[in-house]
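Presented sequentially are two complexes of chain A, the first with chain B as partner and the second with chain C.
And then the complex of A and B:
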């Protein structure tokens, strides 16, 4: 009987576990919108304090968010010739702050419905993905950024408390100096510079390289460069100090470089190599590598195409090096300003001997419907490799995001 | 921004956009040049930190008095992709209510016109009238003659502050006063 097949039972169990892990891991940090390259904003420093993007906004970033991101309920949704609304400011403009002080915060909640293969039960639950307060400082040449939030579940690698649940999390905290307009040196807990910095932290390319915005940040020293033709960041990694003991902490580097062929086309390279004395799961010493290419291109303002391909290598102590790959292809179509339809395809073959590839297809709708607010719906079909077979998982996500 | 960089951005030879052009003229000065077909004008600006944007327009006219060729670009319809930026550019910086156009004048005899099926590529000096200020500028151009028409591409670099235009800035981001300008149009002899 099909239902009694050990393989099928294993696959069902594996996919159920996967869905559970995905659910618990569904906290993520704030906004990074690499498709802003449609407006010629390929570099990140124009709008974000973090030279590689995401996190607190500069005053210019807040203004552009109001002018270019949200629906203005005009014929095409675009803003008129008026100045950016005062509501673009911190706390909807109720509290005016000096330009050197960049406060912020994000709340993102999600209703998740996920249907693994039978007989595993469907999952339906509300997930608080993010509840973070943030601050950035930029007086003179000094730069600093930090976040502090509450996570009911997940994000354990960013926790500053040690409970199984209900932790305080700090996804980033760093200090640095700006050298001129183009260079910044930072140290602290930073998101790893690698690939396209998307908000979809559970995308295969982000999860497999451990370079998401959720909780895979690491401590280290980073040198970033940005000008109108290129941007890049090289980070020396000394480990994630939220992990104990030290054997679990990775040392190595992560880097990216993106060259802008045109204000609307960027081509990038990423490279990462880390090693640790003990893997969290296998307890074996290992070294891992990821090297890849990414492209962002907006051939027509409403359309942005983004692609990333990464080659994965894992060298466990005492075993041969295994290779794998992760890929992402995403098309973002802005139907009218503030309203996005995104189609995403992805694949992953983990760096494990004999591993089979998994696939994912996303249809996502996002609407920046008001100052500081957006809603998003994702329909996700995943074909997950497990135990030498594949299983299909269907998921629907409904999200509400608000930022201060 | 170098002239070569502007030309490359303008599509010479890559063909992305265009330049402020010049058309060459026969020494006898008998033929007059008239624009036919579409025209495009672009400018390329950079800002700090790490910002780049373009403005595009199509309001281009040419006038030929037998000695000089004058290219006039309407500034009120230049679009930078954002209404607020357009408003700032028109009202605060270029002040188009007072100076709605910019003009480039070149001496026709300084231009090299190609024969049918051939291309000419050179530089010349013209006079740019912008924001009520007139200054000599170096202009690069490329002209190709196809089916009796001259396909003209040209480019120049200017510094906005040289023309009394205030350096643009907006909530902490400033625009470099050095701007590349490019234009293309098709013209023919009358």
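And then the complex of A and C:
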């Protein structure tokens, strides 16, 4: 405890307890900002316990988040503070934890308005995306990470409880061993190493490859490598044990490798192949593959360009293999520190015979307006392939994200 | 120091208040579970898969395009309207709709556990997927990709040379 004062200790503990209860009482996605490559942070291990990014922050990650991520409201382009604020710590610095203990928590709520073509009714609703508590451990060579949260709806593939809604969810839980500074081997429920690990879990590239941070994690054994010139992870997948019976579970592998041509330019390859005896939606046996390329580049510090292209293959039992593709192109422009304007274009042609491509265009504004807080607005125009024709769908998202 | 503590307490209180406020409207209606609606309306002993109506099992706008799905839409079945789906199924049962035009009605086929789209009947009535803890892992003959990947991970890990990474230089904005 940082203070010897019993009153302050009590306030800190009471605040933590209240935060714990409130977070668990109310909840789909974790945080990862691949555009941090603008600061030369291509590798993820500098700031995250997870070697492929997202999840709990290291003390260094918290400090960089405070120094580089949020708006410091400086004028005339002046640089922000040289040292991270004490509020960068867990619970805004109220509870000081040893370096081997990495507590955290995230809440992400969103108001969604979506207007499909008439006569379908417009959708306007609040979506509780994430209300998770997280913990990371890194004593000596030992590593472990876990999350526990509440989901009002969705995130079934990460649920611990078995209700149609209002479930306890654990998106990740794993243990591992660090071998030196560059290598980690771990086992448990892990996010699949594939492509650019973005927070936009419904982006075509993430949804079509089932490699998002929401609830498509799987159990397996993974080996990760990370140094200043490259990073990579290979995961042997044994299935999602939150999904049963076992026929629906996928076996296979997922892997990525990214090489840093320069601290601000990374070029990567991803590959995934899984198979299951039954598909969740068609209930027939299948094998699926996704293989792709991705690039992250910051030619000028305020600007980061990210691109991902994936080739999709689906081989359902008794039918010919169908191929498709998914693509993402995103430009993140940091207007001033903490304030981002993002323009995204995406396309998807599902691995399905006769499928037509769909397209999406996003204009997003994100503002890291205070320590541990950011707000985001997305305006999305989608042109969705629908039965030989295309339908236009307009959506507006308003998000608030807070982390402990 | 006192100001910092006050700021931290204020922000913490703001976080908690925001959590509480944002949680209030979270009792929004979830996306309807259409397979359960179909099973309930027709008194099926099983829950049909999404692929009954959605091509390739992919749900979402414009994907209700299987022969049965098209017939359901032609009879007035609409998204986010369970009543319209129940009414459409009743109408299809009454007029004996056969989406494949093979003389056997779609509803009769579903009640016999057959796929009105002409697909694999065992897939139609297979145990539906369930979520949460409590599953068991079964061995699968011939399923080698996961095993192979595991062996590769272990093999690589066994030969990893322990080395130190260069010291990280802290960046400033």
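Going forward, the second predicted complex is superposed on the first by the 370 of 404 C-alpha atoms of A that agree within 3 Å, B and C clash if a C-alpha of one lies under 4 Å from a C-alpha of the other, contacts with A are read in each partner's own complex, and residues count from 1 in each chain.
As a convention for this text, a contact is a pair of C-beta atoms (placed from the backbone, for glycine too) under 8 Å apart; a residue touches a chain by one contact, two chains touch by 3 or more.
Small disclaimer: the values here were computed from a predicted structure and weren't measured.
Once the two complexes are laid over each other on the shared chain, residue contacts for A:372 go to chain C alone; chain B is not touched. When the two complexes are overlaid, the chain among chain B and chain C that reaches more residues of chain A is C. In the superposed model, A:211 makes contact with neither chain B nor chain C.
Residue contacts after overlaying the shared chain place A:84 against chain B, while chain C stays out of touching range.
In the superposed model, A:120 makes contact with chain C only, not with chain B. When the two structures are aligned on the shared chain, A:52 is found in touch with neither chain B nor chain C. Of the two partner chains placed by superposition, A:271 touches none, neither chain B nor chain C. Using the contact criterion defined above for the overlaid structures, shared-chain residue A:109 touches chain C, although it does not reach chain B.
Legend: residue contacts after superposition of the two complexes on their common chain; A:231 is shown touching chain B, with no touch to chain C. Of the two partner chains placed around the shared chain by superposition, chain C is the only one that A:244 touches, whereas chain B remains out of contact. On chain A, the surface touched by chain B in one complex and the surface touched by chain C in the other have residues 39-41, 46, 60, 67-68, 79-80, 82, 181-182, 226-228 in common. Across the complex, chain B is touched by residues 39-46, 58-60, 63, 67-68, 78-84, 99, 181-182, 226-228, 231, 260, 262-263, 301 of chain A.
Of all residues in chain B, those touching chain A in their complex are 16, 46-54, 81-84, 86-87, 170-173.
Chain contact summary for the complex, chain A toward chain C: residues 8, 11, 15, 18-19, 22-23, 25-26, 39-41, 46, 60, 64, 67-68, 79-80, 82, 85-87, 91-94, 107, 109, 116, 119-121, 125-128, 131, 152-154, 156-157, 159-165, 167, 179-183, 185, 220-223, 226-228, 234-239, 241-249, 251-253, 273-275, 277-284, 318, 337, 350, 352, 355, 370-373, 384-387, 389, 391, 393, 400, 402, 404. On the side of chain C, the complex with chain A involves touching residues 4-5, 7-9, 11-12, 15-16, 18-20, 22-23, 25-31, 33, 49-51, 54-63, 65, 78-80, 119-120, 123-124, 126-138, 140, 143, 145-154, 156-157, 160, 162-166, 168, 170-173.
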